[in-house]
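Each structure below is given as structure tokens.
Next come two complexes, and both contain chain A; in the first it sits with chain B, in the second with chain C.
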Partner chain A sequence: MIISLRSISYDDLKNQLSKDDKIVINSCNTCIKSCGIGGLQNMTVLENMLLADGYNVLGIDLISIGCSLNLVEYHRQDIKKKEMYDEATVIITLICEDGYEGMKYVFKDKKVISITKTLGTGNFTMDRGVVLTHPFESTGLEKNSEGYELDEVAEKLGLFEDFFDEDDAAFKDEEYVDIIIDGEEVSAIKNQNLLCVCEENGIEIPHLCYNEELSEAGVCRLCLVKIEGRKDLVPACCTHVEEGMKITTNDEQLNKYRRIILELIMASQNHNCLTCSKGIPTPLYNCELQRLIRQFGIEKSRFDENNEFMPVDNSSPVIVHDPNKCILCGRCVRACEEIAGICNIGFINRGSETVVAAGLNVDMNQSDCAACMACVNACPTGALTEKVIHFTGKDWEPQKVYCEQM
Partner chain B sequence: MIFTKALKYEDIKKNLDIENDVITIIGCETCARVAGSGGEEKMKVLAMKLRSEGYNVKDGYMVPTVCTPKIFFAKLNKDVNTIISLACSAGSSNLERSYSEYKIIESTEDIGLMVTDTDKEIIKVTMPYSGHKNELGNEYDFYTGNKRENNNGLPIWEVK
Partner chain C sequence: MKSKTADDINKIKQTVIERNKSNKSTKVYVHMGTCGIASGAIDVLNTLRKEVKDNKITDVKIITTGCAGICSKEPLITVEVQEQEPVMYQCVDTKKMSEIFKSHVLDKKVLKDYAFARGMEIQIKDRIKNNGKIEGQAAIDNSIPGIEEIPFFKFQEQRVMRNRGFIDPNKIDDYIARDGYQGAIKALTSMTSDKIISEVYDSGIKGRGGAGFPTGLKWKFAAKEENSIKYVLCNADEGDPGAYMDRSVLESDPHSIIEGMIIAAKAIGSHMGYIYCRAEYPLAVETLNKAIKAARTYGLLGKDILGTGFEFDIEVYEGAGAFVCGEETALMRSIEGSRGNPRPRPPYPAHAGLREKPTILNNVETLSNIPQIIAKGSKWFSNIGTEKSKGTKVFSITGDINNVGCVEVPIGTKLSTVINEIGGGITEGKTFKAAQLGGPSGGMIPIEHIDVVMDYDTLISLGSIMGSGGLIVMSDDKSALEMAEFFMDFCKEESCGKCIPGREGTKQMLNILNRLCDGKGKQGDIEKLENLAFVIKNTALCALGKTAPNPVLSTLRYFRNEYEDAISNNI
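The block that comes next holds the complex of A and B.
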């Protein structure tokens, strides 16, 4: 992976801006996110800082791989983002210096500001986070297989070891509302997503179709809650808090519904965890469905299991699509549209025949897929996974790891 | 992404011991595959060539990224003592650290950083490493690493 650190202070950034600028912040969602200076959360922090200091930020945009020029161009031309990008005069981009070259090309009519210095290549490790193993000569550092930790590199090279500090901006004057969740008084920012407010306050609501990097959909129905005065249950992931809301997130009736939904999902397809790379939870992967099934103590679905087996698509060199493990949450479809900027995958058919498919229902390797992995990272189950192949035997036959067949 | 070129077969072979090395090949599905120095086909060609000359190539693994803990998806055979890495040098360092008791053989050379166009399937070198400064702006085809005649497929700067 490519290793970068923040090279400018918040004041340096502000010195490059004027209050008349119309700013869009975008970020690559790959290496720079692992380096701790990119991704949705950091874009949101910077957006809030600049808004608090009186700058005009039009919006933020997450891009799966920022060094793929066509993907950046698709984001610029996206029907939902075009107006924002057209109006912008300044793009602040959270991307490595390599991607910055492409970003300047796609937005050549605008001022494009980078906040990073790219230092070379390295690894993501479980115990030490990101380490720099192959520094550029310009850093004056020697190659080091053990890897330099980023705080050490930052100190040596006079760079910043993390993202901008929110305390460096003015206090953002937000409008707060008082609400009651499960009998407890909670203060939240007006219009904040209810599911997020609950999580911030330590109240976990089961959900599968919501992912903070994606737009809200409300299709899995697991996060249904009760709101006083509302006729029926509402999905917390699509509800925005208002003054005086009284919410019940957890009672016998809600949990009964959630249990039935989980059992129906289990019965709807073959969720065999023994042949799935997400079957064993690790810090890199975990199956969100399996976690909820364990949490609810479900051992068996009371509904008849659908034993119809759909073919697994192994055609992509990097992705395995197993529709038998798909719960139709649509996260992949939204990821491909919103983060990849491609709309390569979507739902086809209707009712119980509905499946996720690429292009005009073609194999993944025949489709427009950019192998950006946004869909795989978004998928909460083992329906979309990264491919791992073991080559064995006299003829070097490929065999998929974690699956019975290739 | 990271642009690498495959080393010459002879340069890989000279680091191997035909008598004692029991080899697995680990390939990266990401940058090295796109750059044409890695990928499924390149792994097979190397394995078959080494086997035809009598090297003990036990098996191979293709993992999503060799520069992350995803290398542990490869479950090494107990007889293996040598790993040939079809990944960038950062990937090879990860192998060196994670499999310190094994002999790690690099099969690629880092050229620099690249931008791509996944529709046109073109690579452009934007930040070459020292020693490869003449590669700046050069363009290559996806998956083969073949040099393109002109460098104007992705005209991000004035064409060289």
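The block that comes next holds the complex of A and C.
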């Protein structure tokens, strides 16, 4: 992993901008995100800061691998984003220095601003977070097998250890609405996603198809909630809060539906956790399906289980696609379209025959896959996994259990 | 080319009417919907043409029309010798055609053995008024029933179907001569958008595509949106098994849909429309394209419609055969060129529909009612129907019934009238068991409710729906359970595969139904079905899923014993 740190302050950034600029912020979704200064959340923070300070931000764009010229070019040409990029005069890019060179190449006609300094390579550790193990000579740091933690490096080199601080910008005046969730009054930004509002207020609603980096789909139907005055149940992930909404997120009926939907998923394919490689103890790899099934205490589906076995696609050097574990949530399809910008994978067939396939239904290595891992990172189950994690361990392996004495 | 104005259109109308009056030739109508063609109408037409040529006659006019309604008697032709009553012949083949030609066309002698009726459908009202006669037409052999005496026609009320079996769908002048485009003229030259919408709203017309949403309201929402780009869409996807009402309109009177769309466009302020027609209807697609071209040459579509400066054009988009593409959001995705999957609503299409622009989508039958609502007024439209549901509804009757065909009846007609009178009763003298309305989204009406008054609300209270008009009749030797299995299989196959209840729930319901039909039912299966039905109804993403359990629920309501037997016989 490439390690970078923020090299400029918010004032330095503003000094490079004028109020007439039409700004697009984009970010790589790989190394820079792990270093804590890229990704969707940080882009949104920066967008809000600049908007509050009166700059003209046209939009933000997440790119699975920002240092791939091809992918950046795809994003620039994407029908949904082309207009935005064409109009932009300034690109603020959250990316390593290498990626910055690429951005300048693709956006020759625009001013491209980088906020980072790249320091070497490193990796992710469970206890210390990201560490720099192979610093570039130019940093003056010695090679160190233990690696340097990022705050240490930042201090040594006079860089910033975290992303811009929202308090440095003017206060953003947002329109707030009052809503009632499960009887509690809550204040939320108008039009904010209901599922996110609930989560911010400590109310977990089960969901599988929603991922905040991706567009809303509303297909798994687990996050259905009741809203007073609406005839039908509504998916929280596709609902935007409005003044006075009264929402019930949890009751017997909703939980019964959720349980049956989970049982339908369990019966639909061969979800065999014993041989699944999802569940490795990193923040990225954790089976969301398994978590829900345990949360609901489901031991067995009451429905007829599907025993048909579909071949596993092992052809890609980096990705394993096991359709038997796929719940057709579509997150990978959206990720490949929206974050990779490629549309390499999609659904084929209809009804219960639907499957995710690469290219025109070919093996992954025969398709246009850029191996960017956007789909793998998006997948909530073990259907798309990184090859290297296979057979390396499980997070549910023995734990100490304490029994109270009778 | 300069657009025709309202005056030009009226002049064309007069000329055509005069020309028809002064034309002394014998007219032979060949009724050529897809149904007619499938039963051999093309061979009949070719034979007729050959006879005309071989006999070197010049005073015969051959007119090809859409379906004449009673599909089980096809191929049908109508021969009209000047100043004589027209005669409709049934089940014509090439041999009969030659005989009819020699006898009726050449020798002016009616061939009684093959005759079906005297008179034409469009004359029914006048014939009833004048005791079975039409002024200027000599009565002939009255052992042939007058068309107004035949129950199939007698109980119908032709509005949407008013031109069927009479005009050539490929001739715009024929349509104009039958008051065609008068609604558009009125809407474009003398009505404001608000006025059009309130006229449609006041008429009380509800969408004929299945959901029964008030059309005027739908238009009002779209009209309120401020956007320079809006779309008017026509849903001609007609995917319900057993339904072919829309096809019949598309093939026999395409201009009525175009005119309806022009009026809708003016009402909401749209300049572009699409007709989403399933590719399995090649004749309908062809007819529509010809009609659109003809309307463009007259300037009834294009930049300056009727010289009023109003711009609107229509394109036909062919669907690729997925039932779910009839669902409105899926239909829009499909036109955009994406996979036809539904998406959650809101946002509703009136706000963000096709290409995220305000859009209205209406069914074929809904739109073809519009020109008359505008031309004749909302009061005229609402003078038939029930208190809450106005106008007529077209049904396509199929199954174990004698007269298979397309029928248009006032809303509020009794089911028994449709089955026993219009439909001519059950085949082979069997008894009626139930009728399935609304296809895979609908439910059954069993014999104990055969006298139900068919309107939107009453049918819902009996666990069925008006639906789009598919009406499948079952005789008492058929199994309701198998019918439920058939529709569940259909929904499972046709669900888009996107949402879990729609995809997996239907599959599990089908598993149980398969088991029951094979006589391998298990204790608890009925409860499981009911449970699943309830979950799917409440949680599925689109109406396909939400309504998929209906046939099961309805058969459980009326024929629970069949389910119970399937279980107890296995124990």
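The definition used in the following text is that the second predicted complex is superposed on the first by the 381 of 406 C-alpha atoms of A that agree within 3 Å, B and C clash if a C-alpha of one lies under 4 Å from a C-alpha of the other, contacts with A are read in each partner's own complex, and residues count from 1 in each chain.
Here is the rule we use: a contact is a pair of C-beta atoms (placed from the backbone, for glycine too) under 8 Å apart; a residue touches a chain by one contact, two chains touch by 3 or more.
Computed from a predicted structure; not experimentally measured.
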Clash or fit: chain B against chain C, after overlaying the two structures on chain A? fit
Examine A:V177 and indicate which partner it touches, taking first as chain B and second as chain C; both and neither are also allowed. neither
Have a look at where A:E137 lands relative to chain B and chain C in the superposition and call it first, second, both or neither. first
Return first, second, both or neither, reflecting whether A:A52 touches chain B, chain C, both chains, or no partner chain. neither
Considering only touches as defined above, state whether A:C343 meets chain B (first), chain C (second), both or neither. neither
Which partner chains sit in contact with A:S268 here, chain B, chain C, both or neither? Use first/second/both/neither. second
Touching A:L157 in the superposition: chain B (first), chain C (second), both, neither? neither
Answer with first, second, both or neither: which of chain B and chain C does A:M310 touch in the superposed model? neither
In this superposition, the partner of chain A with more touched residues, chain B or chain C, is B
Smallest inter-chain Cα gap (chain B/chain C, superposed on A) in whole Å equals 25
Find the residues of chain A that appear in the contact set with chain B and again in the contact set with chain C. none
Per the touch rule above, chain C residues touching chain A in the complex are 322, 324, 339, 343-344, 492-501, 503-508, 511, 528, 531-532, 535, 538-541
Along chain A, where are the residues that touch chain B in the complex? 1-2, 65, 67-71, 96-99, 101-102, 104-105, 118, 121-126, 133-134, 136-137, 143, 145-147, 277, 284, 317-318, 368, 370-372, 386-392, 396, 398, 401
Within the complex, which stretch of chain A touches chain C? 216-221, 224, 232-235, 238, 256-257, 260-261, 264-265, 267-268, 302-304, 327-328, 330, 346-347, 349-354
Complex contact set, residues of chain B against chain A: 1-2, 25, 29-30, 33, 39-40, 43-44, 47-48, 59-65, 67-70, 73-75, 88-91, 93-94, 96-97, 110, 113-120, 126-127, 129-130, 154-157
